[in-house]
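One chain, chain A, links the two complexes that follow: it is found with chain B in the first and with chain C in the second.
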Partner chain A sequence: MDQLLQHAANAMIIGGTYALLGIGLTLIFGIMKVVNFTHGELYSFGAYMMYAWVMLIGADFMVSLVLAVVLGIALGALVEFVLLRRLRGADIDTTMLVMIGAWIAMQNTEQLAWSGVAKSIVSPFPADPLVLGPVSISWTRLFVFVVALVLIAATYALIQRTKLGKAMRATFQDRQAAALMGVQINSIHTATFALGSGLAAAAGALLGPVFVVYPTIGDSASLKAFAIVILGGLGSIPGATIGGFILAFAEELGAGYVSSGYRDAMGFLLIILILIFKPTGLFAQKERIG
Partner chain B sequence: MHIDPRKAALSVLAAGLMAAPAFAQDTIKIGVTQPLTGAFAASGNYVAQGAKIAEDEINAKGGVLGKKIQLVIEDNKSNPTEAVATVEKLIVRDKVPAIMGAWSSTLTLAVMPKVMEYKVPLVVETSSSGKITTAGNPYVFRIAPTSDMEAVAFTPLIDKLNIKKAAFLNTNNDFGIGSAKAYSEALKKKGVEIGVMETMDPKATDFSAQLTSIKASGADTLFVTTAVEQITLVLKQAKELQLDARIITTGGSNSPDQLIAQAGSAADGSYHVVFFPPWFPDVVKNPEAAKSYMTEWKKRGHEPGGMTEGFRGYDGIYTIAEAIKVAGKAEPAAIKDALWKVTVHGVYGDIKFTQQGPKGKESGQNVPSVYLVKIEDGKVVNPEL
Partner chain C sequence: MLEVEGLVCRYGKVAAVQDLSITVARGELVSLIGTNGAGKTTTLKAISGILPPAAGRIVFEGEDITRASARRILQLGIAHCPEGRRVFPYMTVRENLEMGCFLRSDAAGISEDMDRLFARFPVLAERRDQAAGTLSGGEQQMLAISRALMSRPKLVLFDEPSLGLAPNIVERTFEIVKEIREQGVTVVMVEQNAFAALELSDRAYVLEQGRVTLSGTGRQLLDDPSVQQAYLGT
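Moving on to the complex of A and B:
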């Protein structure tokens, strides 16, 4: 029982960050229909920016967090502006190949800039964990969990409740009609990609201090994000959120009670099962591509 | 035919580039394949840096057979398929007579059929999976210890550390699985109870599920086998989950200095099996080799935490250079025969090869020293056992 409680606590915390990764990608992959292989690199970019500000420049932890996210948004906007703007209307395969190229280029640039040696970021929270009966949780992880939930809620509100959110949804439902209604569709494309990228950078900046930072950390983050988006249904923020938690629980309980060697397989097995019965994902929208 | 002047200029340039190796004819090339990018990039670069120190030292002393040696270092990208391609390139295009590589056991196992196909000797500087020298590949010469050797060397310490119930957490590849098997068998022989055996994906970063199960199992000692990045995370997360078990890392790619720098107080109290202890260079078999290597490593400003990994490349290149010297010519077959005769006074100890594997196609295996160190209050100490 004690063990189950600890597993559940672990899964909740991890689920929050999975959800954060998932909602960032669901905006880009689900709504924009860009198979975004750079998502994981934005994640590691966020983590490296956190390292640069906290450890090299010595800035305040919270200030660094904000800066890392802002820089992530800027990098996302740049990727959209330089690469994707020219590919508007290109088929999904062309865009995908360009994004694979961007992913490899970004990862190798990180390696060149920071070397392959892992970096660690000191967090301002106490090293001793919070102990609640049989469960212990690190303060840093708890902080990450809370910020992740806040960001998820804020993103949801932005997409559903603001004019910008409405313009985003309109643009990706029907570009021409949105343009005719006076929506600046080029800016909307950039804004959506930048927002999704910013969320990936936020996940990286939050998790950098929990884990260590090295150039390939984005690979598994990227893989999980795609799985979560497909699981939850493309373009659905509640779907990505719940999908993140489902994946985390499947992995945690699978590893804890079945076999840790198949930890990642558990998550994907669950996804296969869900897709067999609900091919559009849990929170299906009308169409799906890719 | 119309000739585009730009293309003509390019082809002249290309011809010039192709001619360049002609000037380098009086060097002896040695191939190196290491993971310079990808998951094992940190370690692979350390080995390559160590190899370059050996190259420069050997050349400063006049080279081998009156010629300078020249390393051709290829990046295998931590990927077995790429590793095979690098070996093919080194042999076919660069025509190297001997190769050092490929860091991880999985990478080394992938390239072994290639060196057999081309009949080029491979000096294995890091990999520890038992399969490498028992597969019946007579072109393989390993200077690193096998997991079994580590376990045998560790056996006398089992009683001294008073281990009663052990748990395992290893990376899910040839290295991790081989090590867990070797150590668990050695522990069983001494009557130690083996509890849970957990694995982790080589790319994973979160091990809370595994560590929760290990904590619940009540093991007093946890054996961890993986590279330094994952060990850092295991130490940090074990502290977060208040795991009481003593942690012992195996395999020698654990870089205690890097653990202290990155895991901080979470590294305190952990034990590490290493093959070269730069903190006490006087305990090694050849202190002069160790000190020469360490001085140069520091002088070049390489990461101090990488010293426990870089010496592998340093020794590997010395071993190949010595074999070329003994062979009297830089040809694969002669070098392979000479490797059986060499004794190199390296950082690993006195490197010489004994036969291992199926009769008639034995691989060469060196028997290096193994050390156990402990981290206490942010410092590496020699545990008094």
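Moving on to the complex of A and C:
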């Protein structure tokens, strides 16, 4: 029982960042219909920016976190502006190939810039964990969880309440009708991709100090993000949020009770089961925003 | 108020509109009638800026809008109520109306307009927090019309407002179009229901294969033997 509580606590904490990763991709893949292979690279970009600002430049941890997210948003906007804008209306295969190319280019650039050696980021939080009865949680992880929840809530509010969020939903529900309302479709595409990318960078910047950072961390982040989006149903933000937590629980419990070697496999086992029994994902259509 | 001169629109190599010219005076209700593929919808899309014309000139209140963006054209006062209603299905009724006034920032005026529309269409008020996709066809048409009016347009383009609606709703829709025009808004309407359109219109243009083949007042066209034969089924 104690062990189960500890696993549950770990899963909740990782689940928050998985949800961020998933929400980011559901905006881009579920709503914009761009099969975004660069999502994981934005995640590792966020982690490396955290490393650069905290460890190399010596900036404040919180300031570095904000900078990493802002730079992630900027990189996302750049990818959209330089690559995707030209591909508007192009075949899905063409877009997919370009994004695969971008993924490889970005990952190799990271390798070139940071070398293949894993880096660790020191967090400013006390090393002694917070102990609550049988459960102990490191302060860094707790911080990561809280920030992830705040970002999830902020994203919800942005999409549901703001004018930009409404324009995004309108654009991806009916592009031509949105244009007739005076929405600038190109800017909305850029903003949506930038937002999704910023969330991936945030997930990377948050988990970087928890784990270690190396050039291929983006690959498993991408796979997980796609798994979460499929799990939750394409384009559903609540689905991606819950999907993130479900994946984290499956991984944590699988690693704890089956074998830690199967950690990554558990998530995909879950996806296979869901695709067999509920192919539209758990929350498809009903609550999708686009 | 609106002058379209020598308009040519192409989809790829196929010309949907060839050398079309129409004029609309302030306060008029002008209809474009014709069969499927005559170029009616294409003409409206060119005017509202979502389909750039291949050639020709469109002038609205003295300003050349031939190559202007849809946003700019809306700002100048042309709203387009598209064919098939095209409400945002997963957004609520209220959010759809908010999209209608996307370019406005006068909060007081917006809420005043919204209240007025809710008073005029109580069913929309009842369903203001319901997703637009769950409304009936007639209700969606009311919403689409209201959404277009939320921009406080000087000119509204209606594309097939009666399409796919139950007969009693069709009648109601035409009444609403008439009311809008009585409030001083200029209307250009594309309609397959030629009889109803001609009865309602000050003037009308008959389109065939992307060209104007006939024009006149609604009455003149209703009495024209060729129009009667081709479009009125008498």
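Basically, the second predicted complex is superposed on the first by the 285 of 290 C-alpha atoms of A that agree within 3 Å, B and C clash if a C-alpha of one lies under 4 Å from a C-alpha of the other, contacts with A are read in each partner's own complex, and residues count from 1 in each chain.
Just so it is clear, contacts are C-beta pairs under 8 Å (C-beta built on N, C-alpha and C of every residue); 3 or more make two chains touch, one makes a residue touch a chain.
In this text the structure is predicted, and so the values were computed from the model without any measurement.
Student: With the two complexes superposed on chain A, say which partner A:Ile276 touches: chain B (first), chain C (second), both, or neither.
Tutor: Neither: A:Ile276 stays clear of chain B and chain C.
Student: Which partner chains sit in contact with A:Asn108 here, chain B, chain C, both or neither? Use first/second/both/neither.
Tutor: First partner only.
Student: Taking the superposition as given, does A:Asp2 touch the first partner, chain B, the second, chain C, both, or neither?
Tutor: After superposition on chain A, A:Asp2 lies in contact with chain B alone.
Student: Spot which of chain B and chain C makes contact with more residues of chain A, would you?
Tutor: On the superposition, B touches more of the residues of chain A.
Student: After superposition on the shared chain, which partner residues are touched by A:Asn10: those of chain B (first), chain C (second), both, or neither?
Tutor: Only chain B; A:Asn10 stays clear of chain C.
Student: After the superposition on A, what does A:Met181 contact: first (chain B), second (chain C), both or neither?
Tutor: In the superposed model, A:Met181 contacts chain C only, not chain B.
Student: Please indicate which partner A:Arg141 is in contact with in the superposed arrangement: first for chain B, second for chain C, both, or neither.
Tutor: first
Student: Taking the superposition on A as described, I'd like to know which of chain B and chain C A:Gln173 touches: first, second, both or neither.
Tutor: After superposing on A, A:Gln173 lies in contact with chain C but is clear of chain B.
Student: Examine A:Leu56 and indicate which partner it touches, taking first as chain B and second as chain C; both and neither are also allowed.
Tutor: In the superposition, A:Leu56 contacts neither chain B nor chain C.
Student: Look at A:Lys163 in the shared chain and tell me whether it touches chain B only, chain C only, both, or neither; answer first, second, both or neither.
Tutor: second
Student: Do chain B and chain C land on any of the same chain A residues, and which?
Tutor: none
Student: Quick check: in the complex, which residue numbers of chain B touch chain A?
Tutor: 36-39, 41-42, 44-45, 172, 198-201, 203-206, 208-210, 212-213, 215-216, 228-229, 232-233, 236, 239-242, 258, 261-266, 303, 305-306
Student: Under the touch definition given earlier, write down the residues of chain A that touch chain C in their complex.
Tutor: It comes out as residues 163, 166-167, 169-170, 173-174, 176-184, 288-290.
Student: Touching residues of chain A toward chain B in the complex: what are they?
Tutor: 2-3, 6-7, 10, 13-14, 108, 111, 115-120, 122, 127, 129, 131, 136-138, 141, 207, 211-212, 214-217, 219-220, 251-253, 255-256, 259-261, 263-264
Student: Show which residues of chain C lie in contact with chain A when the two form their complex.
Tutor: Touch list, chain C to chain A: 48, 50, 69-71, 74-75, 79-80, 82, 86-91, 95, 98-100, 102-103, 147, 151.
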